[in-house]
Structures are given as structure tokens and as C-alpha cells.
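One structure is given here, and the rest of the page talks about it.
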Amino acid sequence: MPDPLMYALDAVAYAGIFGMLSLSLNLEYGYTNLANFGKVAFFMVGAYVAAVMARMKYPFAVYALVASLVAGFIGLLTSLPALRLREDFLAITMIALGEVMKLIVKNEEWLAGGVWGLSGIPPAVVVQGLSFRERLLVQIALIYGCLVACYVVCELIAKSPYGRVLKTIREDELLAAAYGKNVFRYKACTFALGSAVSGLAGALFAQYIGTVSPYMFEPTVTFSVWMMVILGGPANNTGAVLGAFLVEGFHRSSRLLKDYIGLPLDPINLQVMLTALLVITVVFYRPQGMLKERITPLDRGLLKKLKPMYRRVKTWVRS
Amino acid sequence: MGSILNTDNLVKRFGGLTAVDKVTLNVEEESIVGLIGPNGSGKTTLFNVLTGVYRPDAGKIFFRRERIDGLQPHQVYIKGLVRTFQTPKIIQKMTVLDNVMLAVRNPGESLLAALFRRRRWMGFENRLRERALEILRFLGLDKHAYTPASELSGGQMKLLEIARALISEPKMMLLDEPTAGVNPVLAYTIFDRVEELRKRFGITFFIIEHRIELLMKYVDKVYVMHQGKLIAEGGPNDVMNNPDVVKVYLGSV
Amino acid sequence: MRASRSLKAISTGLALIAIVVVAIIAGVAGYYAGQSAAAEAASAAYQEGYDAGYQAGLADGRQQALQEVSPVLPSEIKIGCIMSLTGFLGPMGENIVKGVELAVNEVNARGGIAGRKIKLIVEDDGTDPTKGLEALKKLVEVDGCQVVIGPMASGVLRALGNYTNEHKVVLISPTATAPYITTEFPDDYVFRTVGSDTLQGKALGEILVDRGASKVVILVIDNAYGVGIMEEAMKVLNDRVVKTIRYDPSKLDFTTELQTIKDLNPDAVLYVGYYEDGKIMFKQALEMGLDNILWVCAEGVYGDPMFEEPAAAKFMEKACIGTRPSAPVGLTSYELFRKKFKEAYGEEPPMYSDTAYDATMMAILAIAKAGEYDGPKIREALIDISQTFMGATGYKLFDENGDQLYQVYEIWDVVEEDGKYKFVGTGYWP
Amino acid sequence: MALIIYFFLFSPYRWWMVINWLQVLMNSLVWGCMYLLATVGLSLTYGLSRFPNFAHAEYITFGAYMAYMFFSILGLDLYLSVGLAVLSSALLGGLSYILLFKPLKSRGASLIHLMVASIGLGLLIRHTLMQVFGGGILSFKMIWSCIFIGPVVTTPLLLTAIVTAFIVAILLHILLMKTKLGKAIRATADNPELAAASGIDMDRVSLFTWLLGAALAGFSGVFLAMRSSLVPLLGWKVLLQAFAITLLGGIGSFYGTLAASFILSLSENLGVVALTWLGLSADYRSAVAFIVLVSTLIVKPEGLISTVKRRA
């Protein structure tokens, strides 16, 4: 029976997963000015590692950890040759990496099913006797748990001296180096962290969809993530998540819309064309995105807000 | 007093162009040394070589009797050699205070510390903030401490750069045109502060400057550079009367 | 200056938000508008009752199915269709949808199922499993489809299997031939009206053996389709295979691969590919003079689009034979389908439009027999229907996996007649 | 590496004896020429405007589709349609520069924003083409008879491509070395500030380079499409190779591109030979470009012939 709420919730779950990708790109691009045009590669690595391990009946916590570690490690390894150079070199290398990684999983059947892909990946949390809605809600809880964790990590980083260094590197590498920051190490570290977060998103994605195949990881995924960050607002974590919601909502609504508006265009074509136009428009007229980067001193960060709240909760619990 | 920075036949080439040509110089501790020369004579390149931005093609650099040529910029910084830039490098999207504080090596600058051991660096951060505010007060910028750095005027940006260089407690500072684009009154203030800093903290200064008349009032020694070579050195008066220098300046005008 | 700039920034920001918000609202509103329209149509249709529907119901002696029709059916019966309209399989997808449309239009012209019109909702999956799953969710959750025709690619189908089984939605693919599709989800809601590649691989292998090829190079497209057939054919050919080459279809130059074949000097090549890469492969094979050996091809290159490239056509005429899943010899129902297709679209039915037609017809009949728009019931009805159904491509009796038990493969050859190329059948397998 | 050498020397089949090495060389030559035409524009605009234009792939595709439109749909003369296609491709390049990249640069857009915009533009062009011409395969419907030159097989089209590429290379050499405009292009790529200071009309030089680059890309698109067939991803499929060549040759360097085109096509073809004989999928062909790319970045990031400074 029709249940549009499920479709909406499904979109919410997707937005959560892509929100994590968007956060990780925000960390790389928004804070550090690293042009990672190969996001999809790390997403794919995470998904595949999770798929392989989940089929071997490892628990979610283990394979999610391994997935992010492997993705982070590959990210680190491949970015090393390009990180010392200008950002366009990283961009080109990463685009190429995305294509090559796809080639590898496609051709090495022993590794991950090759062109067949892998299916039958069990969901992370299995509770017997739940309805579809309840199961979806469990998934959403899991995904949003991870999203919140990533958000907190990103916020903590942004509001720390580490984040300050990243911003310095973003604005002026020479300045950062002249003031004692090992630019290369910071970049590599951030790239690895961003890739690890993407890997975690990939793990969530694999267990949510239940299948992985090389055809899921096309370069357009990367472009959507870029779209999310640029639309939402680089160097603003809330903006990055918001961007994920907007883009996912945009994709879904264009699929729904085409049933009621008799457009002579293919919906997927239209979707891509509009997305591309929107990106160009945003880059042109509002490069800072919908939510601007906030210029606040470090000491007015998240923790200052959280601490009283935490205290209040503590006293409430004790009383 | 010994020398703090000296170089030995330093060479830096770009393609066919020799930007720094066999430069040998010597800066005494706790002195203020000027570096002048016409545009394109290689002054900023020399600074870049000294601070590790460019690797020299030949020659040696000693800072406090230690070889520093071939080190990365951040390693040079750790040795206590700090520089400012010709066009002030200000992070527009940070507050003035953060712009100053970024100069200090902070235990919170590692990824793990940022995530887990926050309490450890927060104390450091608080102390650092006090110190930064103090330095801003000294340079008259304390009113703007919490405003975004993009709202400062050009002269204030220069001061901010000096503040940033100061907070790291350097042994020696390389100032690249500290008064470029600054009104004359502020320019004198800047040099007064430099003088004061030298006296108070014993910092050595090496300054590129175009306002020669201003520079000469403060420096102990001047180097003149032309087409990558040092063509003269000595006290302010000696240099100004050196025929080579006069020729260079008249020739270039 | 600054004020006006920030004003501009705010206004562009607001405009952006507005665009997105309007898009979302329009989507939601559109959905509810559609729902209320459907409700209106429902009351009208109920009055007409199923009597009229019975009168106008399906002919062709299928009354048995229709007698069991109960009035529980919704006023408008939605059938979903997921096809690859963009992406790598895009060109084929458009043709296959024609087969689905043909069946739906035909039934609608006769009054639909018990007077209820059938509404076909076509979604594009862009040959991407993620998009395919999203399309299926949209069809099931938003439109409430219980029967979905598609998807085309085995890889996409695989991503949908779990969801289909959980939500008890009947999925009939007219094209996905990879062997694992049905065995991976046994006793389930996934069916197909096309033979598994297990059979075709065997067919191709045996044809090669028949023709006495002792040195065979296997040249396949590097995806589930190509590799699937390759593995099955290897079981038949064993040590007759001197080399297997998997090529990347997205590369437009195969000269090096072809050169390897030429250097090996085999008796025959077993080739699996699609139109896009097939055309280039044959063109370049012709250029390299590889037309003096026998090429045995799978059905991916069967179809008139191949002749759009004259060089490929010439090569196929000279060197190629192949197999394709087809109806048994001289099947009347296929001729009927062909006639109808030609009337509707003015062209010969392209590859797989026949299986798509059959899949749709079976789905419609199953809905009619079930008398209720409900996945599990339709599934049972579908299995019943398959016992007696004779479609454009022959009997469709499903085995316990949802695979059809019989599949006949036509062996085709290409001939030239008055400067025009065409495919002719030369025999059948088995 | 050791494995490959081992395979070369001690494989019991002595397989290198059966390979027609001349044919491999011929294929490399052909592809080198195609790569050259496709990449020169990318390299020049990259050098001049200082950002990698990902939409360059779409100029290739666009040229091919335009040629198809003029030739197969409108039924014009072959040479005329190719000419028109090249012109319209140039027009597209020029327009995208004037309408998108130039204003973006003058607004002070960052390098990453330029790259993102160029990817967006590429997707826009590709999907517009898909919408107009359909996502299907189109073909020029021409048969090329084979020509045997000794043990090597080729076709008139390939010979034409080779000759064209050589003519284009010579013309480019004359343009860049002998004319004032060419000198201006090189000077601007070397040092934009200095060039502007010495009175070079930057706008005119940039615009000309973009027109020229897109025109050559469109030209290569026509050859690529005639050789195989016409699909919306035509350009994207050679983009990775194009970037590998650009970086290997040195950004903005014509001679570097010239050399790198042939180096890459040779290593790709040898790579495919090795892959098929090692029993690996020939799919890995594009990985060769990736390996070339990464090793360039590690060993000689400034490329064979450097004009642009690489470190930030």
C-alpha cells in the first residue's frame, strides 16, 4: 500500500549518509582547501570493506571501524604525491583515483565479487519482529547517531587550535608554514580523517542498501557531495548537513515532480542539468553558500554552549 | 655580542635569472639591520631563502651557529626566526585575536588533542589569550581583538602582523616592508615599537624598507642589494654616501 | 556599497532557498493532488462495476482468469516499470519500454482489468543500482505499485531483490539474464521472462563445438552479462579456449585486444557485448581483417541498431552467427505480437521488447486472476498463470526460483539482400 | 616490475614472438595523434588561465555531435560539416570562457571554485547533448577499407588523422614560435603579471587560446567518433588520459604535450599487450594513465617541460 512517509524517511536516511560525506568534504575543502574530487572512491572503499566483513558476520562496530581505517589509509596513501603541490593536482589525481578504484573492484572478482558486486549484506541492527517503519526508524537512528558523532567531531575540530591551523592553511599556506605549522602533515592528517569519515558513510550505506556493486559509485556521486557543501556553505558544518538535505530533497522531488508536470525532458537528465546550473549559479553569485562561515573566537565554541546544558542535565538526573 | 644570523655565498636562481647572487651577510645579536635596494633587486627572495620558503641553490645559512639552509619554513620558525610579509597575510575569516594566537605552537594543534584531551590545551589556550591581548594592547589593537580581521585598516594589519610575530617570542624577526602603505604617523609608531621591543626583549630585527629616511633613523647597519648582489654595507651614513648606492638609486629612478 | 552587496547576497540566498522550498512543496502537493484525483476517478469507476469490465475484458480465451475477478481492485491499477533510460543501457531501455507500453495500451483499449484502467509509471534508473532502488521505493511507497516490470540490468535487479521480498512486491524482469538473480533469492517475488545465461552460455559453447572449433578465443564485455556467459561457456569448451579477454566497453578502441586475437590465430571467437561496443568492435575487427574466422555472438548484438554502422553490418554478414532467446519456431503468438508492434510503432520489434511485452501481459493477467491488488496474491496468481501462459516468446512456466523452465535459442545469421542487411534464423537450440 | 621482466624473459611460451610489434607501434602512433589533438587545448588553457578545465572533455564530445548533426542530419558535405563542427566547438569554448570563466576569475573565484564550475559546465553540456541527441549510440555510417602496409593494417581515416595531427602540430609550432600572438601566449603562460605589464592584451590572448583549444578538441572529437562511434561520454573517456598527458608534458607546454601524447599512447598500448598476456583484464588500460599521472607527480611534478610553477 502506498506509504509516502516511508519514502520521505528513506530520503531522510539517505540525507544522513550523504550528510556525513558532506561533512567530510567540508573538513577537507571547507576548512583546509583540499580539492577532493574523488570522494566517491573512499565512499566505495568503505562500502566494500563493510560489505565483505558484514557477510563474514562481523558486528557493525568492528566493520565500520575497519572500513573507516582502510578508507583513511588509502586516502592518505594516494594523496601523498599530490598534497605538496597545488590543489588542482590533487583534484586531478583524485578524479583519476575514483575511476581506477572502480576498475579494481570491477575486475578483481576474488576481492569483492567483481562485476557482480556483493549482495545479502545484513543490516547493522537486526531486531526480530519489527515493522518496516520501525526498522527504518532503527536505521535512521543508527545513521543519525553516526552523523551526530561526525558532526561533533567536525565541530570540535573546527573550534580547536587544530581547526585554526587548518583555516590558516586554507587561507595562506605560506603563512602557516612561516609560523611553524607543518602544512604537509596537517593536510595529510585532515585528508585521512576526511577519507575515514567517508569510509564510515560507505559502511552505513552498504548495510542500508544491502548490496554493493561498482556501478553505484559513479563520479556523479562526488559531484553531488560537492554540490551539498558549496550550496550549504563551506566551512560551516551545519551548512554542509543542510546542503545534504537540500540536494537529496531536490533529487527526490524532481522524481516525484515529473509525474505531475509533463516535462519533455528525461528526469535524470533534467536533474543533472538543474544541479549543474545551480552549482554554477551559486559559485557565481554566492560562493560562500547559504550559511556563511561564522567568524567567532574559539572560546565561544561548542563546549561553552554544551557545558551548562550538561550540568543542568546532571543536576536533573541526580535530583 | 656575537652574530645571530649569517650567510655564506648564498645563491638562488630561477631559470636563467639569479635572484640572489653570492650573498654573504652577518647580523649581530640585538641589532636592527636594514636591507634596502631598488624594486626587483631580490630582497624578498632573500627573505624567502632565509626562512626556508626557497631552498638555496648554493651557500650556507647559519642561525645562532646552526645550519638552517634546507630546512622547511616551519622548522626555521621553530628555531626562533620569524618573518612578516610585504603584503600583510591576514586571515580575513578569523578574529584579530585568533590571527595572533595562531602563531604559537599549541598542544591543541594535534588532531587527537583537538578531539579528546581538550582540557589539557584549554588551559594553555586561556593563558595564551591573555598574552595575546596584552600584546594587542601594547600595539594598540586591543579594541579590535574580537572583530573579524577583515575590518582592520591597512596600517592596523601591519601592526597585527607584528603582534603575531611577537607572540611566538622569536629571537629574530625579519620584517618585509613593515610600513608599506601606512601613513607616516603610524609608520613612526611602528618603528618606535620595534626599537622598544629590541630594548625590552632583546629581539634582533632585519628589515626591508623603502622609506630610507625613516629606516636610517633606527638602524645600526644597512645592507644594499642590487640585482641579487650586496653592493654595500655599513652604518647609515656610510651607506648613504657610498657612490655605488647613489648610482643604483639614481640609476633606477 | 557594502550594504547593497550584502543585500544582494541575502536576496540571492533567499532566492535559492525559495527555489528549493518551492520544489519540495510542489513535489508534496503534486502527490496529494494526484491522490485526490484518483479518489474521484475511483467513485466513478465503482459505479460502472465490474460487469462492464467483464464484457470488455481480455479476449484470447482467457476468461478463466477473469472469472475470478472480484471488485476489490483499485479504480486505477498502477504498474510500475523501472528501465535504464539513461546511462550505459539507455539506448536499449527506450525500446524495451515500448514493449511494456504496447501491452498496457492493448489491455486498456479493451477496457482494462475489469473496467479498471491500467496506469503505467515508468522510472529511470540510469543503470545505477542506487537509483534503481530509489525508483523502486518511489513506485512502491509513493505510488503504491504492487507489480513492477524491470529493471533491465542484472546488477540493478540484485540491489532490488531484498526490498522486493520484504515488501512483497512482484518484480518481473524481462531482460536480466545473469544466472544468480533468481537463485540468490529463491522462492521469492523476483521473476524473469528471459532465460538465464546458464543456458545461453551452454548454447554458445555447444554451437562452437558443433562447428568443430578447436582454438577459441573468448572475448567478452567486462560486466555481469559478459562474464556470466563466459563462465558457462568455459564449462563446455574447456581446453579449447586458448585465451579469454575481458574488455572495457567504455574504451572506444579495441585494436590492441583484436590484435591479440589476430596473433593467436584461432578458429573462432566467442563474443559477448552490447550494441555500443559491439559496433565498434566489429568495425575495427573488419578493419583488421578478422572477418575470416567465425564469430559466435550472444544476443547483445542482435538487432537492427547494429546495422546503423555499415562496417559492423558488413562484418556481421561475413563472420558472425549467434544466438538469441526466442520463441519456438513459427510461433503464432510471436507473429501476432510482431504485427501489433509494427502497427503501433512502425518498426520491427527490437530485442527484448517481446519479453517485456510478455512480462507485462503476465503481470496484468496475474492481477486480474488475483482479483486483488496485493503482492502475495498476485505472486500466487502469477505462478498459476505461468502454467498455461503462452506469450510472444512462448511458454513461460516458472520453476521454483522464478526462472522460466524452457528457453529456446534461435541461431541467427546475417544476410545481405538488395543492399540491406537482416537477421535470419538458421536453427534452434536445443 | 621484476615479475614483468621475468615474464618477458622466461615465459615458456615466448609470447613476444607472436606479437605484431609494428602494429602496436602503429596503434600508439594513431592514438598519440588523437591524444595530441584532444590535449593541446587543455594544456594551453590550463597554462594560460591557471585552472584545469574539466569541461574540455565536453568540447570534444560537442565537436563530434555537431559534425554528426551537419553531416548526417542536415546532409552537408563531409569537409564542410567537419569545418562547421570545429567552428561551433570553438564557439562553445569561447563562449564558456567569456560567459563563465572570465567573469568568475574577475570576481576572484578560487581555483577550486573554477574547477567546480567547469565540472558543472561539463555536466550541463553533456546532458544537454543527451537530451537533444538521445543517450544512444550514433554513427557516421562510413566504411573504411583496410590498407596493408607490410604487416601493419590501417585505414584511410587513421592516416588522415595522423597527417592532420602532424599538420596541426607544425602550424601550432609556427604560431607559437613565429607569430606575435604565439609569443604573447607563451609569455602569458610564463608570467601573466609580467605579460600584462609589458602591454599584452590579455583578454584577446586568452580568448584566442580558448577558441583554439576548443576547436582542436572538437576536431579530435570528430576523429574519435568516426573511428568508433558517438556517445555522450566520448570526451569523458579520454579526459583522464588528457590530464595525464598535460601533467606529464608540463602545463601549458606545447612540446611537452606533443611528447607526452606519444609516450602515454605507447605505454597504454604496451600496457594492454602486457595485461592481456598476463591474463588480466584489458580494462586496466586507463590505470596506465593513472600510473603515469602519479609517477609524474612524484618524480617530476613540473612535467617534462615546465612553464608553470607547481608549488603554491
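A few points about this structure:
A, B, C and D label the chains in the order they appear, each numbered from 1.
Keep in mind that, in the parts below, a residue touches a chain if its C-beta (ideal position, glycine included) is under 8 Å from a C-beta of that chain, and two chains touch if they have at least 3 such contacts.
Keep in mind that what you see is a predicted model, and the values were worked out from it rather than measured.
Located most centrally within the structure is A, per distance between chain CA means and the overall CA mean.
Among the other chains, C has the CA centre that is most remote from the centre of subunit B. Between the Cα centres of subunit B and subunit D there is a gap of 46 Å. One simple way to say how far apart two chains are is to compare their mean CA positions; for subunit C and subunit D this gives 36 Å.
Computed from the mean C-alpha positions, the centre of subunit B lies at a distance of 71 Å from the centre of subunit C. The distance from the centre of subunit A to the centre of subunit D, with each centre set as the mean of the Cα atoms, comes to 32 Å.
For subunit A, the set of residues that touch two or more other chains comprises 103, 106-107, 174, 266, 269. Of all residues in subunit C, those touching 2 or more other chains are 85-86, 222, 246, 248, listed in ascending order. Annotation for subunit B: no residues touch two or more other chains.
Pairwise chain contacts in this structure: A-B, A-C, A-D, C-D.
The touching residues of subunit A, counted against subunit B in their complex, run 153, 156-157, 160-165, 167-168, 171-172, 174-183, 189, 193, 235, 293, 295-299, 303. On subunit C, the positions that touch subunit A within their shared complex are 9, 12-13, 16-17, 19-20, 23-24, 26-28, 30-31, 33-34, 85-86, 121, 123-124, 126-131, 133-135, 137-138, 141-144, 153, 155-156, 158-159, 161-163, 166-167, 178, 180, 184, 222-224, 226-227, 246, 248. Contact residues on subunit D toward subunit C in their complex (touch as defined above): 18-20, 23-24, 27, 31, 130, 134-139, 141-144, 146, 153-155, 224, 227-229, 231, 233-234, 237, 269, 272-273, 276-277, 281-283, 285-286.
Touching subunit D in their complex are the following residues of subunit C: 85-87, 90-91, 94, 222, 243, 245-248, 250-253, 255-257, 259-260, 262-264, 275-276, 279-280, 283-284, 286-289, 305, 308-311, 314. Considering their complex, residues 51-53, 72-74, 77-78, 82-83, 85, 89, 91-95, 97-98, 101-103, 105-106, 108-111, 113-115, 118, 121, 125-126, 129, 146, 148, 164, 168 of subunit B touch subunit A.
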